[in-house]
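My questions will all concern the structure given below.
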Amino acid sequence: MQELINRAKELLADGTVARVLGWKAGDLPYNPEPAYFETEESLKDFVYNGFCGANLSKYMIEASKLEGKTLVCLKPCDTYSFNQLIKEHRVDREKAYIIGVGCKGKLDIERIRKQGIKGIESISGAEITDEAETLTIQTIYGEKTCAYKDAMLERCHVCKGKEHKIYDELIGESKDTKDADRFAEVEKIEAMSPEEKFAFFQSQLSKCIRCNACRNVCPACSCRKCVFDSNKFDSAQKANVDSFEEKMFHIIRAFHVAGRCTDCGECSRVCPQGIPLHLFNRKFIKDIDTFYGEYQAGEDSTSKGPLTNFTFEDVEPSIVAERG
Amino acid sequence: MSIETNEEFRPKIVAFCCNWCSYAGADLAGSSRLSYPADVKIIRVPCSCRVNPMFILRAFEKGADGVIMCGCHPGDCHYSTGNYYARRRMTLLFSMLDYIGVENGRTRVEWVSAAEGVKFSQTMNEFVEKIHSLGKNVRLEDLRCRS
Amino acid sequence: MQRIGVFVCHCGSNIAATVDVKKVVELAAKEPGVVHAEDYQYMCSEAGQAKIQEAIKEKKLTGVVVCSCSPRMHEATFRKAAERAGLNPYMVEIANIREHCSWIHKDMEEATKKAVILARAAIAKVNLNAPLQPGESRVTKRALIIGGGIAGIQTALDIADAGYEVDIVEKTPSIGGRMSQLDKTFPTLDCSACILTPKMVEAAAHEKINIYTYSEVEHVSGFVGDFTVDIRKKARSVNMDKCTGCGVCQEKCPSKKIPNEFNRGLNNRTAIYTPFAQAIPNVPVIDRENCLKFKTGKCGVCSKVCQAGAIEYDQQDEIVTQKYGAIVVATGFDIIKLDKYDEYAYSQSKDVITSLELERIMNAAGPTKGHLERLSDGKAPKELVFIQCVGSRCSDDRGKPYCSKICCMYTAKHAMLIRDKYPDTNVTVFYIDVRTPGKNFDEFYRRAVEQYGVNYIKGQVGKVIPQPDGSLLVQGSDLIDNKQILKKADMVVLATAIEPNPDVRKIATMLTASIDTNNFLTEAHAKLRPVESPTAGIFLSGVCQGPKDIPETVAQAGAAAVKAIGLLAKDKLTTNPCTAKSDELLCNGCSTCANVCPYGAISYEDKQVNDHGIRETRRVAVVNTALCQGCGACTVACPSGAMDLQGFSNRQIIAEVDAICR
Amino acid sequence: MRNEHSAAEKIKEISGTNPLKCMKCGKCSATCPSFNEMDIKPHQFVSYVVNEDIEALVNSKSLWKCLSCFACVERCPRDVKPGKIIDAARQLVVREKGGDYLKADEIPQLLDPELPQQLLVSAFRRYRR
Amino acid sequence: MYKIAAENLQALFQKIAADQDLYLPVKVSDQVNFKAWSEDAEVCLDTLKTVKSPKDAFFPQSENLYTCKKEEKNISIEPQALQEKNFVVFGMKACDIQGVKVLDNVFLSDPIDTFYAARRDHGTIVALACHEPEESCFCKVFGIDCADPVADVATWMIEGELYWKPLTEKGEALTKAVAELLNDADEAKVEEEKAAIRAIVEKLPYSNLSLEGWGQEDYMDRFNSPVWEELYKPCLACGTCTFVCPTCQCYDIKDYDTGHGVQRYRCWDSCMYSDFTMMAHGNNRNSQMQRFRQRFMHKLVYYPVNNNGMFSCVGCGRCVEKCPSSLNIVKVIKAFENQGGEK
């Protein structure tokens, strides 16, 4: 982390960048927030640890409008989003100085809480430089431990890899964290009966509070004005009626990002109700892979997306009914 | 009892037809007097690629029991490529609906040329029959629409 | 809120017999926005249109819904009527209660209910309609003819005579097409070449006509009035300007074993060749696949013998890009392959031939110099059998479901010519029906029977069995005598079905012109617009649209020319106003729409916008309304919903959905 | 007495053909190997079904003269399949005879080892219920 | 003071639910929220914070106001029935109860919100003391004692027994209805528990947060402070903080076209949303900074100024836990604390 801060200071000092987009230490051990640093002095609050899960690519949409270059710290998975945003002309490559930062898996405070750990005072083992396999957590109710792996975000268990897809320079080592099959959960649902599927999603989506966190954090949901916020479309609803609304919202949202979603997992990370929203996106990704050939959004910044492309031999929609 | 309700069940079916092939195919079915149930109501769109998945979900939300989209045969699109995009969009949408537990017979895509009045009528007959076997759409309907 | 008038048509009894028209009027009147509703016997009649116009003026209507036949039939009629009454034509919507309702439902109550719902959907849509203004686009005064057969030549001549530039693109080395392969024509029996050649010469000499032979259309973009076409001029390897057409190169060419396409492969040609003596241009091409120079690098005989120095081995394909206002498709036909009709022994016996092969055999310039002889042993046949409907009128997947139209007549012609020239040859024709609608056609057929003694047997042949003695045993039935017939023949001629030129599919795709399941190009209207494609600016000439004989082809060629001339005579065209439109405040500038636009109609601009007080420069999509054809692909691709289609807007379609599901 | 209408319908159902598609070309009769022994010719089968004259059809010699070679089925350009029609008519008769045809469980004891297997299979195919 | 053994709670819930609705923390798909009780519901009384606050019981996220029926061109209006059935909210925490008081100030002062009033009239609140407060809690800052909640009935869960103390008439009535399941108990254990809880609260990191400078009339300096410009930046403009908050009371009124008429409903709105208070002329807060500032100025300044110093934050800490960008009201308060002398 110190290397990162030093490099940021250098780049600020020599005028290469006008600001640094990174994370600022929070007031609890686990709540650093995305922040801009414009002076060397302000970098004293800069932090990069296991709780810096936020994907900063989306912040680059606004940062691209600012004067001068912005140094942005991107984890390997964040770089996919950045590529995709370049493809959609939403960020300006020239306005970004990308430092690819190492990642050893990001932590999910909810997973720690789920293990019954509460009253957290401090957490050690979350620093990026730590080699620790275990987190040691001091709480009001005594010292607790938790395996790093068990505290990791779902997305890190199906990590796309250590490689940064776009960067100006790299700082820090990354670690392989993948220990699960990306589509296993999707396949599990696919194997259910229609009744079970419906019950599963009904139960999950009934929790939705329409807070729009999933949408607002999503780098693919970068519309200036979302169709769900626009009075131009009859879809503008804030109701929470536990019938069709939420399903409609989430299906349409997933459809809108289909072929563009890099599976960065931010939606599931931020959902206050713990809805596994990635299951929608990943279903589309899986379908796209099977029907139209493997495709990873954000792999590059130029290729044609699967929904703006076609072949004469594409499968017919009846495949859905045929495969049962 | 259940048989009785089945007889009373008149499904609401929305058919999106592209102007150039399938709407003309429906016209041909009409001028050839090839009947299909009155439950099918056709909405004319310029091309199957004009059909937004949102329209289909909207129809279900508002109580439709089945939605079918017809377009020109692949390769025959009046706009060359429209139905190819539509095909991908609908494949993914249908797959998603299936995934969330909506019976996959409620949606269908059929390519109907302007010369295929017979196919149009046959398709509609089949589709209505299928919807009859599935019964009323309860999984996607917005309950508010019942009041 | 709109002020909508609803007009329900009885269409005589076409609608009124199954739909309670009065009820539709009564219920439509209660829909929101409706201030006027009435019914009439024939809305499309003068009087019906007058009713609409009157109501527009009196009730100050801002929108009109006509419940009648398909909008494909009369939408334009009613829109024009509304325009005459001062209403924007795009404020008129049609509820199709005939083709989609009265004609397919029998129960009055049910049909009426559906008609009301269809009316309701149209009313809901009109409530959201906005007046649209068509734009204008320029017309390039030049026509492209694809195909240089009699259809293409005739169309080209007619257009050129009207004073417009015309280009003909012909795939083969010469114009002339299928007609140049024919020996005589029915029902006059005049020589095909004698009437075709002057036309070819006239086309070649016409100052307004430019002929690209040995060329193919490579790419088409643009739209009516302003097409841009890339034409690939295949390397001929012979300089067109230098060549004198002396023919020495063809005599000296050592590669002489190449099946002669013009003679249907019945004899051979050389690697450098002109397809036939009267070819235009009379400049040979080198068939590079079979030329020794190109295959082995050795030879070069033609170059050595050419006095004019016209041989150019290093010629390259050339792409010519040209703009056109109109395109006429005249791609013609071929006969079907017979590999699925083993029972006729076509592949087993040289003496079973197609009618087109017979044309070449009968032709003085053909493989047998015009002598009727068996290809197996060169003997003159004494018993000749013609089999009709080979591959035509078949509903299985072996043949074509349609009648090829020309076979009955050319078979009568062949039979008559043979009986005339070889009176001791017996001719038997197995037929299902003899179809002779046409001027002097039945008389012609009767002459074959009555004057020339051709034996017509009603019944189909089931099998042709080659015999060890070289003859053919024909098994057929005689339905009139209710007998099975076994007939020995020396030669069998198959009236093989015709099919559109296989290249037409590729061309139709480039032109975005629609084709039917048999690969015939579709007309804009089967009865009223038979020579136009539904795609504006594309016209149809000849057999590419459906089976035709020569006079019909020529007539249609002329008709297509007139339609093209009508287009070229205009300086400007009004464009379809139902185009995509981007809301610059919603646009993300992501380019997704441009990626799916088949017309390249969307570009991006950096534009100063004022978004509720936030002023900034944004990259936003701009639609070129002259290029946009209104398919709507972009509207769905657009993630933010900034792109919408005028006339078929998101809200309009949703309103229809809601109205139907209500 | 057989209901002629329902018998005609039954023939259509069993044969899976639509006799109205026939265009009366006669190709079926052209090569029928049993043509000369038939009183009703293959191309005439369809009209008996269309006219619902099933009584005459099932009492014809043709019913038992058809060899089921299916040449007519293969060659019919209209997919009408006269061979299937006559086969269906035959089945109609066989089915109506009620008890006097073999039951499947009686067959093993009647089997003659000399009997060609193919004949058995073809008999099953033709006379199965 | 009464008590009931934890294993008898199911019987207690059955008893209560027999003649009224019962809402309590229930786990659905891994998350605990207040839900209507049913036999097979997974009740989670040991969950400190439900994801959403229980304010839904009185002020639902969506509720119908009236329905217009369209028949031909006539429109008839069907008013929405007010709450008539009694109900019990079981297991509310002290902070959430204070949240209801914040709502009361808004909805029960003139003009009275009849929908809300009817629910308040028919609702009985059974409070549950916070056995193990967490690091995100800061109710103490607002003078709330989570060890001794004040409601119709107060309860404590101590060593497998629920101690039960009715405090109001409604509470007495409920107690009477379930009397057969309750045993008498003395208060000693409860007092012990209270002391233990209070001791933990003292140790919580936020407990000594200073509200100095907030809740004051002369707030323009604070309003115009440049601090907001920095603070709001990570904000994603989602509504998470609003929708999990027990005190947020803003709502939007919208119409839903049912096809046969229109349902006019209200639903929670969030000041974080771009169309918040959107009017015909436009929006009077058109940047996220302004909307962000509104949220905290309202909770910490405007509301207390108008309500005798009562803050419209109760320190439940939900926003601390749930904000996707780890922003929260504590960070805002601290940011101004660090500004020193500035008000």
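Observations on the structure shown:
Every chain is named by a letter (A, B, C, D and E) in the order it is written, and numbering of its residues begins at 1.
As a convention for this text, contacts are C-beta pairs under 8 Å (C-beta built on N, C-alpha and C of every residue); 3 or more make two chains touch, one makes a residue touch a chain.
Please read all numbers here as calculations on a predicted model, not as lab measurements.
Touching chain A and chain E at once are the following chains: B, C.
Steps from chain A to chain D, taking the shortest chain of touch contacts, total 2.
On a Cα centroid basis, the chain most remote from chain E in this structure is D. Averaging Cα coordinates per chain and for the whole protein, the chain whose average falls nearest the overall one is B.
Between A-C and A-B, more C-beta contact pairs are found at A-B. Look at where the CA atoms of chain B average out and do the same for chain D: the two points lie 41 Å apart.
For the pair chain B and chain E, the distance between C-alpha centroids works out to 46 Å.
A separation of 82 Å divides the Cα centre of chain D from that of chain E. Residue positions 256-257, 259-260 of chain E each touch two or more of the other chains.
Counting partner chains per residue, chain A shows two or more touched chains at residues 225, 227, 233-234, 241, 307-308. Across the assembly, chains come into contact as A-B, A-C, A-E, B-C, B-E, C-D, C-E.
Interface residues of chain C, counted against chain E in their complex, comprise 30, 32, 612-614, 658, 661-662. Chain contact summary for the complex, chain E toward chain B: residues 67, 256, 258-261, 263.
Taken together, the chain C residues at the contact with chain B in this complex read 70-73, 96, 98-101, 103-107, 110-111, 113-114, 117-118, 121, 505, 509, 512, 514-517, 522, 534-535, 578, 596, 598, 629-633, 635-637, 645, 648, 650, 653-654, 656-658, 660-662. Interface of chain A with chain B (complex): residues 186, 189-190, 192, 194-202, 227, 233-235, 241, 243-245, 247-248, 251-252, 254-255, 258, 280, 283-284, 287-288, 291-292, 306-312, 314-321. Within the complex formed with chain C, the chain A residues making contact are 65, 87-90, 222-227, 230, 232-234, 256-257, 260, 304-305, 307-308.
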